[in-house]
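Common to both upcoming complexes is chain A, partnered first by chain B, then by chain C.
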Partner chain A sequence: MADKEEVFEKVTECLVEALGVEEDEVELSASLQGDLGAESIDYLDIVFRLEKAFDIKIPRGDLFPENLLSSPEFVKDGRMTDQGLEELRKRLPYADLTEFEANPNVAEIGNLFTVEMLVKYVEDKLNS
Partner chain B sequence: MRLEGRTAVVTGGSRGIGRAVSLALAREGASVVVNYNQNEAAAAEVVAEIEKAGGKAWPCQGDARDPDAAQKVIDFAADKMERIDILVNNAGVIRDNLFMAMSDEEWETVLQTNLGGVRNFTKAVVPLMMMQKSGRVINVSSMAGERGGRGQSNYAASKGAINALTRALAVEVASKGVTVNAVAPGMVETEMSSNVRGMADDKIRKSIPLGRYGTPEDVAGVVVFLASDDGAYITGQVVTVDGGMTVAVKI
Partner chain C sequence: MRWIFVDRFLELEKGRYAKALKNVSMGEDHIHDRFPSFPLMPNSLIIEALAQTGGVLAGYSNDFRNMVILAKIEKASFHRMAIPGDQLLLETEMLEDREEGCRIAGRVSVNGDTLAEASILFANLESSDIDPEAPDNFVFTKHFLSMLGVDKVLAGVGEPE
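Moving on, here comes the complex of A and B:
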């Protein structure tokens, strides 16, 4: 079974490599975009490094669901619709959506992607 | 030796420009995986020539049209060489015909091999290059990408697309230390152009300011430059190598 501390350590390594941040900047609550400065290409880099570090396969769209923001059923006037939130809940079962659900401003969706989310996802993958 | 210790994959490396590129990269010290589709013997010859000169090379079969095959070639190369510094997307074919007479097969084969091949191999290699924080992707395009020639609508479409893809991808991956460029040869002395040259030799020569066809080595030299440290600050560019053909006005 995967040790949470070990997973966090390796995830930290991946983020340091991909984003060029310092180890101590990588806290569980840190958001990839807001706190660690990740851009879209970085998300891919992170996925590749996680796959290599943990010897797992991460299907494209699993961690950072594409197409969520481009569908008119899911986003209206810069806010996520109820349908969109439903879809989001399905695609990111390990993310904490409470804050976002209260104010589903799509421009801030990046805040959902935290270090903790990555750790939970990897643990899930390793334990399944 | 400008590429000492570097590693490269050259698609369609068994003949023509691909062969010259494989040999040139190896001459500069790079280890080379020579990809081919059907020409097993020719690829083996290229590998043998590289080894005879003291270099390292391996042949690797894979159809550029097949994403899984391309992935297997990249996996093979990563396994043999531990990293991939240079990818030369050279695999390409022609199926000339006038546009209105062109069959679906002629259209698809050229698009899938030439453009699809670039996509398939590049997609497989970029994750490695990103993790290495360095890499050079060099696409072999053609002057046909920017100039219209009768009977080559499919080829021209594929090469024009490669030029645009070169620019778009370069911007995407630049922050990860990967450069993406293309070379656009004019009329080069290879099997691919032998028919056209045979039919209109005199006329074509007269339209080339430098007065001669290009050699595969002329093109390979530019590829080596782009792959070397001297080319490090160049990205998103299409470098035309045509003896002046595309800039000449016929008076």
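Moving on, here comes the complex of A and C:
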């Protein structure tokens, strides 16, 4: 069984290498984009490193779902529709959506991708 | 000018390594931009040469079916300058090869002296990722691959010296 502390340590290492941040900046609540300065291309790097560190396969679109914002059914006037939120819940089961659901401003969707989300995803993969 | 910073491919082994040559020449336009009285190849273009070499290695892993783009330069160090008359040996080695892309280590040397080193991340793209109107694979066209001698290397034909 995967130990949460161990998973968090390895995830931290991956993020330090991929994003060039200091170890103490990587907290569970830290958002990849907002707090750690990740850009879209960093996501590929992060997926690579996680796959290698944990010897798991992360299918494309599993961790950072694509096309979330491209459909007009999901996004209207810069805000996510109910249908969009439903889709989001399906695709990001590891994310904490409570704050976003209260104010589904699409510009802030990056805040959903947190370190905790990564740790939960990896734990789930390792334990399945 | 053409955005091709590789003159000839020497070796190419699927999923493992690629070696190519680039001659730095006074005849290149950009070489005189920096510095007007002291032409040299900018470090960014040295990286581009490595990326083009590594990009072919990356593309070959999927038999050139996908487009490959330069995604991230993770580490790059430069030990000396590349000046006209230098023949750069571009050596790239596959570190990690996955469905979504790959990571490659590159080294540039002149007469055995290391000039630069870099670690480069490439992403694989399907044409559906980009413009549906764009031609299927505009990165690895047959013309491009044949011009660089990639097809000759793969056929084991006409090895230089």
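By our rule, the second predicted complex is superposed on the first by the 128 of 128 C-alpha atoms of A that agree within 3 Å, B and C clash if a C-alpha of one lies under 4 Å from a C-alpha of the other, contacts with A are read in each partner's own complex, and residues count from 1 in each chain.
Rule of thumb we're sticking to: contacts are C-beta pairs under 8 Å (C-beta built on N, C-alpha and C of every residue); 3 or more make two chains touch, one makes a residue touch a chain.
This is a predicted model, so every value here is computed, not measured.
Asks: Here chain A is shared; do chain B and chain C fit on it together or clash?
Replies: Chain B/chain C on chain A - steric clash.
Asks: Please indicate which partner A:86 is in contact with in the superposed arrangement: first for chain B, second for chain C, both, or neither.
Replies: Neither partner.
Asks: Report for A:62: first if it touches chain B alone, second if chain C alone, otherwise both or neither.
Replies: It touches nothing on chain B or chain C.
Asks: For A:27 in the superposed arrangement: first (chain B), second (chain C), both or neither?
Replies: So A:27 meets neither chain B nor chain C here.
Asks: Is A:3 touching the first partner chain B, the second partner chain C, both, or neither of them?
Replies: neither
Asks: Just to be sure I read the superposition right, which of the two partners does A:99 touch: chain B = first, chain C = second, or both, or neither?
Replies: Neither chain B nor chain C is touched by A:99.
Asks: Scan A:41 for contacts with chain B and chain C and give back first, second, both or neither.
Replies: both
Asks: Identify the partner contact of A:124: answer first if only chain B is touched, second if only chain C is, both if each is, neither if none is.
Replies: Neither chain B nor chain C is touched by A:124.
Asks: With chain C in view, single out which of the stretches 98-106, 170-178, 188-196 or 206-214 of chain B clashes with it after superposition.
Replies: Only one listed stretch clashes with chain C, namely 170-178.
Asks: Do any residues of chain A touch both chain B and chain C, and if so, which are they?
Replies: 41, 44-45, 48, 52
Asks: What residues of chain C sit close enough to touch chain A in their complex?
Replies: 71-72, 74, 96, 98-101, 103, 121, 123
Asks: Which of the residues in chain B end up touching chain A in this complex?
Replies: Touching chain A: residues 127, 130-131, 172-173, 175-176 of chain B.
Asks: What residues of chain A sit close enough to touch chain C in their complex?
Replies: Listed in rising order, the residues of chain A that touch chain C are 41-42, 44-45, 47-48, 51-52, 60.
Asks: Please output the residues of chain A touching chain B within their complex, sorted ascending.
Replies: Per the stated touch rule, the residues are 17, 39, 41, 44-45, 48-49, 52.
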